[in-house]
Amino acid sequence: MEGPPLLEVDGVTRRFGSLVANDDVRFTVPRGGLIGLIGPNGAGKSTLFNLIAGVFAPSAGRIVFDGTDITRLPAPARCALGIARTFQVVRSFNAMTVLDNVLVGALVRDADTRAARFRAHEMLVFTGLDGRARALAGELTSPEKRRLEMARALATRPKLLLLDEVMAGLTPTEAREGIELVRRVRASGITVIMVEHVMEVVMPLVDHAIVLDLGRVIASGRPDAVVRDPRVIESYLGAGHA
Amino acid sequence: MTAQIVLQVLLSGLLMGLIYALVASGLALIFGLMDVVNFAHGDFLMVAMYALFVLVAMSGADPLLLAPVVTLVLFAFGAAIYLGIVRFAMRVQTNRGMVQVFTTFGLGLLLQGLAQTIFTPDYRSVDGGIVAGKSVALGGIILPMPHVVGALISLAAFGLIWLLINRTDLGKALEATREDADAVALVGIDRNRVFAIGWGLGSALVGLSASILATFFYIFPGVGNSFVLIAFVTVALGGFGSVYGALAAGVLIGLIEAMTALLVAPSLKMLGVFAVYLAVVTFRPRGLFGSM
Amino acid sequence: MAQPQTIPAPITAFTSRRRRQLAVALAVALALALLPLAVADVFVMNILVLTILFASLSQSWNILGGYCGQISLGHAVYFGIGAYVTVALFVDFGILPWFGMLAGAAIAVVLALALGYPCFRLAGHYYTIATIVIAEAALLLVANAEWTGGAVGLQLPFAPDSWATLQFGRTKLPYYYLALGLAVATWIVSWVIEDTRAGYWWRAVNSDIAAAQSLGVNVFRSKMAASAVSAFFTAVAGGVYAFFVSYIDPTSVMSFHISLLISLPAVLGGIGTLWGPALGAIVLIPMGELTRSYFGGTGLGTNLIVYGVLVMAISLLRPQGLVSLVHLFVPRRA
């Protein structure tokens, strides 16, 4: 891949008290890439995700996005620079309509509510939620809510989209639709990082996988190579299976 | 201003502060346990004072002897309020912020309205019993007996809370629920029961403090309003939800109040307390003694 | 992506809903403008003025409490500032109340921002508690200050009827139209806010802070802005109220009871809705006035019981407020 990377995570460490959730994590994400961030429970995936999204700052290290050092930047400023995210536990604005939920995302790029509303509707069409535009977000089913999170994030016109376990709890049919949606997002030129706990979901989809265990990167590379890495197998299955 | 006056003021402030700490302890306990502010806290205090008033009128017994009864009555009252009302407010999905404030707030209005209707807005007082009108003299410093006894009871109560939390199974259940209410359900602790007991205990502490206050303070339907402000400030200063923080903060508030009355003007004594509150909120939003 | 050829159905539906809201408001305002033709009684007129004034106040409160979700129980501060500044400027310097109200509103906005700086870093309950404490501190200060007349308060001097000085000795009618004008203004401001970027951001902050932040919303600035708008109109209404009653003292314009009367209509009628505050005021204010005049001192007890039961019932059974009951008869989104 050519050109400077879109995202550069440079020796990032995050401590919570005496617990080291991320330990000297470093990797780069090329423009247009689709990256899987995987690892067993407690591997530090969520912490890393939140560090990139700007929920909290690292204890040490640097994060550079699109040439800007964003290490200390709060979440709203990162959104303005072009980082969007979904939440593992969905966070819809339940009392607002589906269309208004997505509109909130669109407004960061467009102060004119009418133009933003059109943009929001396009995102609903893109995610297949346009039929539910006027429902209250609280009335959606949980797969619909996951799509809504995606539509809302896309409405911010991100360069980088962070997906936090968007496939969790979906039926196989829903998951297939989800994967299709992620592919279309990527095809529209947006770089995607997916955090998933279940390897089977991400591996066929991503072009690069990063495996975390106990806060460290233990493997990084093409998915087919990564799944054969003894350390990865050991971390998922426990010692003895390697 | 002589040293003796200063000492007199500081000691009176200390005694009042210990009583304020007890008034706030129930609020802190409930808040710490379940992250709910009882906006009817002051009205619970008012209910307890009227309960004591009625009990004294009926039995003619000494108010301090009846304090344990009021404490028990308030335990039942608090647990019932949780089970009958607050429990449902915690389940609401829409407008949660509003619901959590206004459920207990509405309850407070209702209790005040009932008190107005039943007891009229008149000021009442209970006969202070054995402590009434007495005082303790220490080398020229005179301290009213009700305040001295009240402060001692407050210290004893904080000692009992410490024993309860650190030395009993119930205390362990409370601590565990406080730390992670969802996880305790997995180890077989009935969260609702713990919360009900928490509301009972918090309200019992209100009952105890009301019994002390009633020996030297008037009883009227709005009596809770003045004390609840002090309780809010105490809890905010002490670090929300910390019972021991409330003890330290209560003493601090008693001292600030007394010194403001001495140095500025008695009518502005609360202003010193409010000023300290604003300063703390600005510079230490989690309170003086709050962790994290 | 190109602009769509035809406007999508959800967007046309939204636009026509906005127009309908405006049409309903126009009809209501016209009906209210004509209402005095049918009302001659001074007592009834008094209640009408208060009801409309508190509908407007609660609508202002709703901008911060309803849209932005910051539950203030200390709005009496802004109300009191509006009342005191307007009256004091008129009594001491002869400044016309029209300018006095603007001055009061400006001071209220500055205060709202100054207090917001520490308070808006507090979440949820912590913020509500801070508003109660601050209002109480302000009450204490006003009751002990000289320019406010202390506990005695301020009395407007007797003057001939005039729209310039907003003094009318013989009739309450001008105050009725003044209150109505203010209510229409706050309603329109709310209506406009509902479809602005700030309005959507405020509701996002109310609903989920983390999600709002991830979508580029500056939470602190949103709360500050909502607070400033809310304080502005609350203070203007305080000025109108002061000239309506012509005598103010600390308890009548700055006590906790005022904060209650400002917040409860919105809570009862429907927090964060366009018509909730007005609906709540129509239920609460006349009831309060009637019980007070018929039961006298014990009326306050009755009022508190009814307020308490209504507020609890709404919180537990119908948190969307009374206005949501209307949808039982009228479909929500036609």
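A, B and C label the chains in the order they appear, each numbered from 1.
Throughout what follows, contacts are C-beta pairs under 8 Å (C-beta built on N, C-alpha and C of every residue); 3 or more make two chains touch, one makes a residue touch a chain.
From a predicted model like this one, the values you see are computed outputs, not experimental measurements.
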- Note on the structure: At the largest C-alpha centroid distance from chain B we find chain A
- Among the chain pairs here, which one is joined by the most contacts? B-C
- Query: How big is the gap, in whole Å, between where the Cα atoms of chain B centre and where those of chain C centre?
  - Reply: 32
- Item | Computed distance of Cα centres, chain C from chain A, in Å | 42
- chain A to chain B, mean C-alpha position gap in Å, rounds to 47
- If you look at chain C, which of its residues touch at least two other chains? 272
- Query: Mind pulling the chain B residues that touch 2 or more other chains?
  - Reply: 94-95
- Query: Can you list the chain A residues in contact with two or more other chains?
  - Reply: 94-95
- Given the complex with chain B, which residues does chain C contribute to the contact? 65, 69, 71, 73, 117-119, 121-122, 124-126, 128-130, 132-134, 136-137, 140-141, 144, 206, 256, 260, 267, 271-272, 297-298, 300-316, 319-320
- Query: In the complex formed with chain C, which residues of chain B make contact?
  - Reply: 31, 36-37, 39, 85, 88-89, 92, 94-95, 97-103, 105-117, 120-121, 221, 225, 229, 232-233, 236, 240, 265, 267-268, 270-271, 274-275, 277-278, 281-282, 285
- Task: Flag every residue of chain A that touches chain C in the complex, lowest number first.
- Result: 53-55, 74-76, 79-80, 84-85, 87, 91-96, 99-100, 103-105, 107-108, 111, 113, 116-118, 121-122, 124, 130, 133-134, 152-153, 156
- Contacts from chain A onto chain B in the complex sit at residues 94-95, 138
- Query: For chain B, which residues are in contact with chain A within the complex?
  - Reply: 93-95
